[in-house]
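Consider the two complexes below, in which chain A is the common component and chain B and chain C are the respective partners.
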Partner chain A sequence: MSKVLINVANLVKHFTLATSNPFVRDKPVVRAVDGVSFTVSEGETLGLVGESGCGKSTVGRLILNLLPASSGAVEFDGHDILSMDSAGMRSVRKDLQIIFQDPHASLNPRMTVEEIILEPLYAQGHKRTPELRAYAAELLEMVGLPARFRNRHPHQFSGGQRQRIGIARAIAPKPKLVVCDEAVSALDVSVQAQVINLMQDLKAKMGMSYLFIGHDLAVVRHISDRIAVMYLGRIVEIARCDDLFSRPLHPYTQALMAAIPVAHPRLRHKRDRVRGELPSPLSPPKGCHFHPRCPFAQDICRSEAPQLRQMGDEHQASCHFAEDLPEKATAAQ
Partner chain B sequence: MSSDTPILSIRDLTVDFAPKSGRLPAVSNVSFDVTAGEMMCVVGESGSGKSVTALAIMGLLAADTAISGNILFEGRDITRLSRREWQKIRGRQIGMIFQEPMTSLNPVFTIGRQLVETIRHHERVSVRAARDRAVELLDMVGIPSPRSRLDDYPHQMSGGMRQRVMIAIALICSPRLLIADEPTTALDVTIQGQLLDLLNDLRSETGTAIMLITHNMGVVAEVADRVTVMYSGCVAEQAEVMQIFDHPAHPYTSGLMNCTPKLTVTSAQLNTIPGSMPNPAAAPPGCLFAPRCELAIDACSEGRPAQVNLTGNHSSACIRAEMLLGESAE
Partner chain C sequence: MQSHIEIDAVEDEPTGLARFYATARRFMRNRSFAIGAVLFGSVVLVTFLGPLLTDVSPNALSMRNRFQPPSFDNLLGTDNLGRDMFARVIYGAQLSLMIGTSVVILNAIFGVMLGALAGFYARLDNILMRIADALMAFPAVLLAIGIAAALGPSSMTAIIALSVVYVPRTARVVRSSVLVVKELDFVMAARASGATDFRIIMKHVLPNSMAPMIVQLSFVFAYSVLSEAVLSFMGLGAPPTVPSWGILISEGRAYMREAAWLTVVPGVAIAITALGLNLLGDGLRDVLDPRMKVEEG
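This part shows the complex of A and B:
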């Protein structure tokens, strides 16, 4: 197995809410990320899936130190990210980049495309030289845009083209890890496929790793080597792609898979939908966070929080009944 | 379940924006029917004209848009109605739910008040009776403990719950037709599944026809009876759902299906449709899809292709449709 590039251990982020009541001593706390651990190896893509509010984007921000973590450790390429000052972070960010979801909001409308994609290099102390400008042109070609567009502004591009510019900016410093935070979610299907292919080509060419954050399991499966499933601030299951899909060992993973629309009308079937909605992260349920929605919940699930347990080669799940789940799920069908 | 009489019939609908400062065609020569009790899906990407078509049906387009063609609702042309006549149809006989459950409810009123207001606008009933009816409706759309939720403000509800409230409001007058414009797009996939089930159940219980607008072929595969595929303001293809998935007769339809990542297929590369949708102000002269089409021949850039009737209710606006159909039959 190749070298571990980033090691995230027991990462926690609590947001304390302001309250107008001066007599409330314990201010409400949102446990957005509540003890998340994973690793990403060199050249690997780890998918991070979950529904809105599960904390997946917060994880992305924490490991780039864009948000200060409450506790935990992030070791990236030998550096302890969470204890770094801004000067130290600047040198690390050369290797650690991010692509954002909204291609309309993440590009400065007053800058030209060339300035946008060279910005990370200027931040590293590079000067605007003819070589650097040639490099910008090369980057544009790499992401499938003609180099003659380099003096245009973001508003002159479509959503898909803007996302390509965001990608060019992220790969400009030749990073080792790129966090893709819902990078293709805002795009139309036909454009989404183009951008996914582009991201895979670039990865093969440059040998970088991705942390691919998304909510669409089909898209995440397509691009990832391994997948971590998050629910209410915790990872509930993590496994190699094929393993996760052929043998999901957490009821939430099963529910997510069952909710994906069928690929052909002939495959329609009446199914048991997961009931209810994501509980408020302000007052998460006791025990297993998923128990109020889980069809298999027992007494122990209501009182004891399950730990992430090793269930096989590179397969971990946090369900008290992970061993029996495959049979239970088939019996229920 | 569905009978053959169309309750909505659109013929050659054309919508142009800002006709004074230069023509910007949003919808061109769109024709389709929705029959009673059916689930008709209109599928297309951003800019395909699917939402503009819905707004035209509801009479909700701005005054300076030029609309031509006919929209027949139960045999009556509704494009030239007065404001008063419109009010008898909108909400009462045609209901609509929008994509954004966050912005389509009024944030300063409780949802109970918004429901009661709408009920009393349409029916002469007391506030108490209207509240009872509101509870009934909220229960019908699957909101738990509906009576206590009446006094909630929209911000106290999740996106999925708000969309259920929107559906409840649209159902007040038991409309004959419900237009749902991307009702699940802003929602999580588990909630999307719940809402699609709900729409399907409501349709079979009340017999309301649903025109569901979506960009997601998965949603189409899940619920549609019939499908209209739109591209760049035009109808590309129409057919029964099985036919369109088994034998697509327009290259855009098959492109759309092929580039959707699927759980069952894992290949290194996704199929793509190269390029992007043309700018409506500078549309190519021939088939609008020709610049992105792998099968385009010279004839494709000579004039807009007309709808070709294939088998049964299947039609396609591709001059090579018969060839495509022959290929997929083999």
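This part shows the complex of A and C:
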């Protein structure tokens, strides 16, 4: 296996809510990210899936140090990200880029496309030279936009085109890791496919790694080498892509897969949908976070939180009954 | 996205003179900007060409020609000492516009700077905005009168007093739009690329907070011209040998019944300037928005 690029260990982010009541001593705490660990190797794509509100975007912001983490460690390319001063961090940032979900909010409307794409380089102290401008044109061609569009403003582009501009900006400093925060969720399905393919081409060309955050398992499956499933601030299962789909070991993963629509009326299996709502991260359920919605919950699930356990080659799951689950699931159907 | 033909048509950006004409055409197509530019432009023109338009000194007395109504000899009449009102209004414009411009420049520097700092750094916000609250608790004109009275009458005093009054207001406006803009994704993208706070504020936050800023500054100019008139009227502005519009109104008010033109003429001059500037500011806000470019196709 290739070298580990980023190693996230026991990452925690708690948001303390402000209350207007001065007599409340213990302010409510949202455990948005509650002990998350994973690694991404060089040239690998790790998918991070989960319902909205499960903390997956927060993880992305934390490893970019755009939000201060409450505790834990992030080691990126030999640097301890969380303890770096702002000057040191600035020099690491060229290797660590992000693509945002909303292509309308992520591009500065006052700048031309060229300025937007080159902004990461200018921010790193590069001067505006003819070579750099030529590089901008080259980047535009790489993401499938004509170079002559470089003097346009973002509002003159469609959503998919803007996302391509956002991608061009992210790859401009030749980063080692790109965090794709719901990078295609805001796009039409047909455009999604184009952008995903573009991202795969670019990865092959430039040899970078992706942390691909999304909620659509089908999309994440398409691009990822490994997938981590998050539920309420914790990773419940992490495995190689094909392994996860052929042998899901956590009831939440199974439920997510059952929710993928099947485009055939007869083949539509009995939907084993997740019941109920995502519990409030303000007061997560005791024991296993998933037990109120789990069809296989036992007493132990209500009292004891399961740890991520090794369930096979590169396959980890945090369920007390992970060993028995495949049989149970087939029995239920 | 519009049709591709259109896109290819506006391909290469024009350069030099052609580009200037294209920009000018775009600006003048905005009706508010056009009217404002004509009004304010003529005020500025008259101000600087003033000495060429009349060979009469604004302070030349002519006791035989007191209280002459507007005529061909004295286009805008004469005052209680027989001085030509046309000359006096034209020369008065210099002082009024000088004060207005100075106050706007000070506002653009300090108001925008303080507003940006308060909006961007939550720690500074409380301190700066409580000071602003304290200053804004006084009625604008009362505070200006107080400061001007403490510093003694001069045009410099008027500029300082009016700046103290309007800088917190400008800072407020800038702060509120900075608060909105700094949360947008492209600001986070800039930070993720390693941009410094200074770069983020100058390149990303302020350019996108410009619309309310321009309108506010055009407001400040108009209000400064008006408030300077109030200060001068109270004897706290420039010494009376230099006629400013406010002084003209102040001097004329005693004869308002007999010679209305003494107050109406400088009053109208102030109104035209203020109106022109407000229209100009509104128009500028729209024209400078890159999103507006698309409509000309």
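Here are a few things to note about the model shown:
Here is the rule we go by: the second predicted complex is superposed on the first by the 330 of 333 C-alpha atoms of A that agree within 3 Å, B and C clash if a C-alpha of one lies under 4 Å from a C-alpha of the other, contacts with A are read in each partner's own complex, and residues count from 1 in each chain.
By definition in this document, a contact is a pair of C-beta atoms (placed from the backbone, for glycine too) under 8 Å apart; a residue touches a chain by one contact, two chains touch by 3 or more.
The model shown is predicted, which means the values in this text are computed figures rather than measured ones.
With the two structures aligned on chain A, chain B fits next to chain C without clashing.
Contact with chain C, but none with chain B, is seen for A:R90 once the two complexes are overlaid on the shared chain. Look at A:E277: by the touch rule set out above, it reaches chain B but stays clear of chain C.
With both structures placed on the common chain, the touch criterion links A:A123 to chain C but leaves chain B unconnected. When both complexes are overlaid on chain A, the residue A:R266 reaches chain B alone and has no touch with chain C.
Of note, the Cα-centre angle with chain A at its vertex and chain B and chain C at its ends comes out at 80 degrees, rounded to the nearest 10. Within the superposed three-chain model, A:S158 lies in touch with chain B and with chain C [touch as defined at top]. In the overlay built on the shared chain, the residue A:I196 is in contact with chain B alone; chain C does not reach it.
When the two structures are aligned on the shared chain, A:M257 is found in touch with chain B, with no touch to chain C.
Taking the two complexes aligned on chain A, the least Cα distance separating chain B from chain C is 5 Å. According to the touch criterion, the shared surface of chain A, contacted by chain B in one complex and chain C in the other, consists of residues 158, 161.
Interface residues of chain B, counted against chain A in their complex, comprise 45-46, 158-161, 188-194, 196-197, 215-222, 224, 241-242, 245, 255-256, 259-264, 266, 268-274, 276.
Within the complex, the chain C residues that touch chain A are 1, 7, 11-13, 184-186, 188-196, 199, 203-204, 207-208, 210, 290-291, 293-294. Against chain B, in their complex, chain A makes its touches with residues 51-52, 158-161, 188-194, 196-197, 200, 215-219, 221-222, 241-242, 245, 255-268, 273-274, 277-278. Contact residues of chain A toward chain C in the complex are 64, 66, 89-94, 96-98, 100, 102, 105-111, 119-120, 122-124, 148, 151, 153, 155-158, 161, 166, 169, 173.
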